[in-house]
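Take a look at the following structure, please.
Chain IDs A, B, C and D follow the sequence of writing; residue 1 opens each chain.
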């Protein structure tokens, strides 16, 4: 046991310490701030209060926006899974050798480009007279103009684009580990494609799908850049509201309280799903 | 394995180089003037830095902000680092009260005398007899319009609410400006609006008009370039830059209800390591040659220097529309707001935006 | 090559005793089978020897050396896993060479020994293939070659043939035994398949609920099970319950519950009047159509009714009802069938084939 | 379905997805060659942004800083994250759930708030600002991604291979480098690529934690947005994407990281 204990210690302590210094302690400080009546370092004396948390419940639009952000997160995660899983399946089980490596790289690489520039590029695609519009008119000249920029769908497209690589990647990793002989065996037993998909591939690749969904859902709930630039008057989210508390009015306590409420909601949703996932697929 | 090893090695080398660069940056403090400002807001014009460095032998180092609250954060966490800080005059009092900036010995600023006295000696900058900021530039936030759509310039703010331009307004996503515009449009004092419900009503009524809510000058320029907006609320100097540099069909008005104006001033940070250098830099920044240069490259606001103003071309929008004698009385210079006001403005504006999204 | 001594080893998981005071000795070069139902502790013992499990109490000695403090990788063992655990990213040769190369053995020697190992398992020419490209039986042989190539002190086999189909399994059993004889490594086999254990092992230990129920040669275990569990687990057994009526030396007369008397012969600790459970192996019994045709040396005889006759090829299995109890009898497929379903017959056996067992 | 043949339909689908992913990248690159500084159309070809970039020392230096920082982050985050993922997958221990929960804040709390919190804490704890602080932050933000990505891969494999290696005489280190790592290499490489991306595009924390005078590419880009950034940014982004693409494609010729076929 001692030997194993040492290994665990050596494997986890660096990460533990790193996260403690860089995340836990700063967040603890911020958590403390969220109970202050005024911003620290300001001229006004600050006292402890629960008002910042109460604000969330007293102003109707906060809960409206929180719910909106969660719906957005679910929608984007679902779309990413819908688009990304088949792509990962093709990559992992229909391709091999150099092309598989190359295409996988091509999926991840755009992630290295600047998010702001990517978003501005989307504005050129989605606006009236933009690429989509012109493509539609090239085929159907009489069609009405289709500018979907500055709308809810534009936000969704931008976010799906930002997070799709996560989903493809995590699904790919799980799918790639499935032994093809398992599938051959199933086929030998007379299973059809959709049965194989449902009974073998989906359950076995579920860890990847679940991780992909978490990595998509969680950050989308707090996203502010894509909604703000692509959403027009639809662009307000919980993320932008929190951002404004920090950048516009220097109200760290309220901004922090709102973030912790959002974090709490996200963790609660994940906690609700966790036993379900664990029981069924031995996740984690 | 070799690949992993070589990756690790190159990364270690990278860390070493990084640490090297950084120490170099932190230790070359002598003979420097450190400026905290928005990026691309005059002080970092390459030709200006070159001229100043040549004249004084001092090196100019810039650090940038993306919002005013950030200025305060940066000053707090880097005490004794910055020399010159560019602040909107509405924030100068607060910075002075928090002890983040120090009084300026105006006798060392040769150009101090030729600044517009109204701007120079306003109570926002001259606090209890001490000058905490030297007024530098001023400009407006107003309504700009597409000159192809409007052969005749509109005259009233009401055009923003005109159903004819539904879905064609690009509004600056800023709580304070939004409230101030709505206050002007409803005939209230933008510094102390009495009827906030009226302002809420007015802003809620914008819903069908709004095409996009923009936050940075860059976003706005891209919107206008793509011909997304017939009307927008925007800084006047950005409008002029778009018209002159990007050749866009655009101009702005000072509406009959008025326009919002801002003043930026230069302050010296508390415990600035190079006060002399800071004074020299401020003096250069309010000089005629600097303004001349900035006007030439375009996008300059209005100088607080009486003599420099003459450098604006006769045809410039800034001169003919904003600084026109008949428009000047309609400008409402932003006064300082209390924290409570800022918070209530933001709450109001967020509530309005939430209803836009419903 | 070494002896393995296991002394008083116990291991608990929570309230469950996976190993309960187990003591065994494996002789040098011996092929030892650990047999038992799943969860009986046999795998836990194997993994304790390998080092994956640390016993709570007791000691394990290999070649006289206590190995509790020796890390797995210095225990000098070879192991074949149920799913073979071949390294998918290595060729067959590299798989086999792995144990040699981590010990820092020279390239040339490795090459030669891998060649030998491939020859040993009759896979010459397959060295460059990937494990995925081999059949199940071939993968099994690679796993075996990999485990023995570094001449470990002990070879551990964890259900090595479990993943193969029946024909291949029988063929591999023979090969496995041959190879083990050839390399002469002390070998421990874990299996739940009694036939496999009997075929391969020099000696067998039968496990149940964390304890060794009985250990001995396959013949001892099969012919003289000491308990009902062993008798039942090792092949098929007919059980009778009765009471010792009379005892004289090694001879005993037992009266069954229905009043019939049965003779048993052999050493026993049972006193007169004690309750007793008897086991008779189905192949030790004969079926006779009439009392007269019962073989004369069969001291025991009972009347029964045939319920089912199952033709098995080399033998025939009769299922009979004998005074309410179900009895199975195997007969060689030599003579014409002695009874038809529904017929009344006699079953008989020798007194020495009656085995009294503990409950 | 598992035949390694590529039907037209699945290829078409993959290309469609790739097209979706690359659409903005293509446009970004095209705008680097467009004369307008504000993405205005019609398109007029010009290389002036590349010429201006060549003489823009600040942007070039920022770009170089970004590459170095991202490289350092990639190595540290990948190594630490892989270690932790292994501990998660192979052992049960006290504090495991706590550590797993600790992974959520860096993903779930908006980076702006995290960055502010880091700035305050680093300032008062004496860690200060600078590249070391940026590295501290970037690694913390990358770790959760590395751990889940590598973890997903590890979960697909049992402990058998590692046990087999141990019985064959491989020490834990030998086992790790010769068995575990090659098996999970696809996951580790993918995680490394992500870690690089997270750092390379990391604006908020870099911005808050960079001392004056030391900037990275994203910091330069965001600081420019009040006045408007020029397509020089597109030009440098296009160059970086193209160079890394060629580099990685070349590497993948020699090194398999998409997994064993």
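In this section, contacts are C-beta pairs under 8 Å (C-beta built on N, C-alpha and C of every residue); 3 or more make two chains touch, one makes a residue touch a chain.
The model shown is predicted, which means the values in this text are computed figures rather than measured ones.
The set of chains touching chain A and also touching chain C is given as D.
Taking B-D and A-D together, the pair of chains sharing more C-beta contacts is A-D. Put simply, the chain farthest from chain D by mean CA position is C. Averaged Cα coordinates give chain A a centre that lies 34 Å from the centre of chain B. With centres defined as mean CA coordinates, chain D is found 15 Å away from chain A. Remark: chain C and chain D have CA centroids separated by 56 Å (rounded to whole angstrom). Under the contact definition stated at the top, the residues of chain D that touch 2 or more other chains are 39, 41, 116, 120, 172, 222, 225. Counting partner chains per residue, chain B shows two or more touched chains at residues 66, 219, 222, 226. Residue numbers of chain A whose C-beta contacts span two or more other chains: 120, 124, 129, 246-247.
Chain D makes touch with chain C in their complex at residues 160-161, 163-172, 174-175, 178-179, 182-183, 260.
On chain A, the positions that touch chain B within their shared complex are 38, 41-44, 59, 61, 64-65, 68, 120, 123-124, 127, 129, 150, 228-229, 231-236, 241, 244-251, 254.
Considering their complex, residues 1, 3, 7-8, 10-12, 14-15, 17-19, 21-22, 25-26, 34, 36, 38-41, 61-64, 66, 73, 77-78, 81-82, 216-219, 221-222, 224-226, 245-246, 248, 299 of chain B touch chain D.
Interface residues of chain B facing chain A in the complex, by the touch rule stated above, are 66-67, 69-70, 72, 76, 94, 97-98, 173-175, 207, 210-213, 215, 219, 222, 226-228, 339, 342-343, 346-347, 350-351, 353-358.
Across the interface of their complex, chain B is touched by residues 36-41, 65, 67-69, 71-72, 74-76, 116, 119-120, 123, 129-132, 135, 177, 192, 207, 211-214, 222-229, 251, 255 of chain D.
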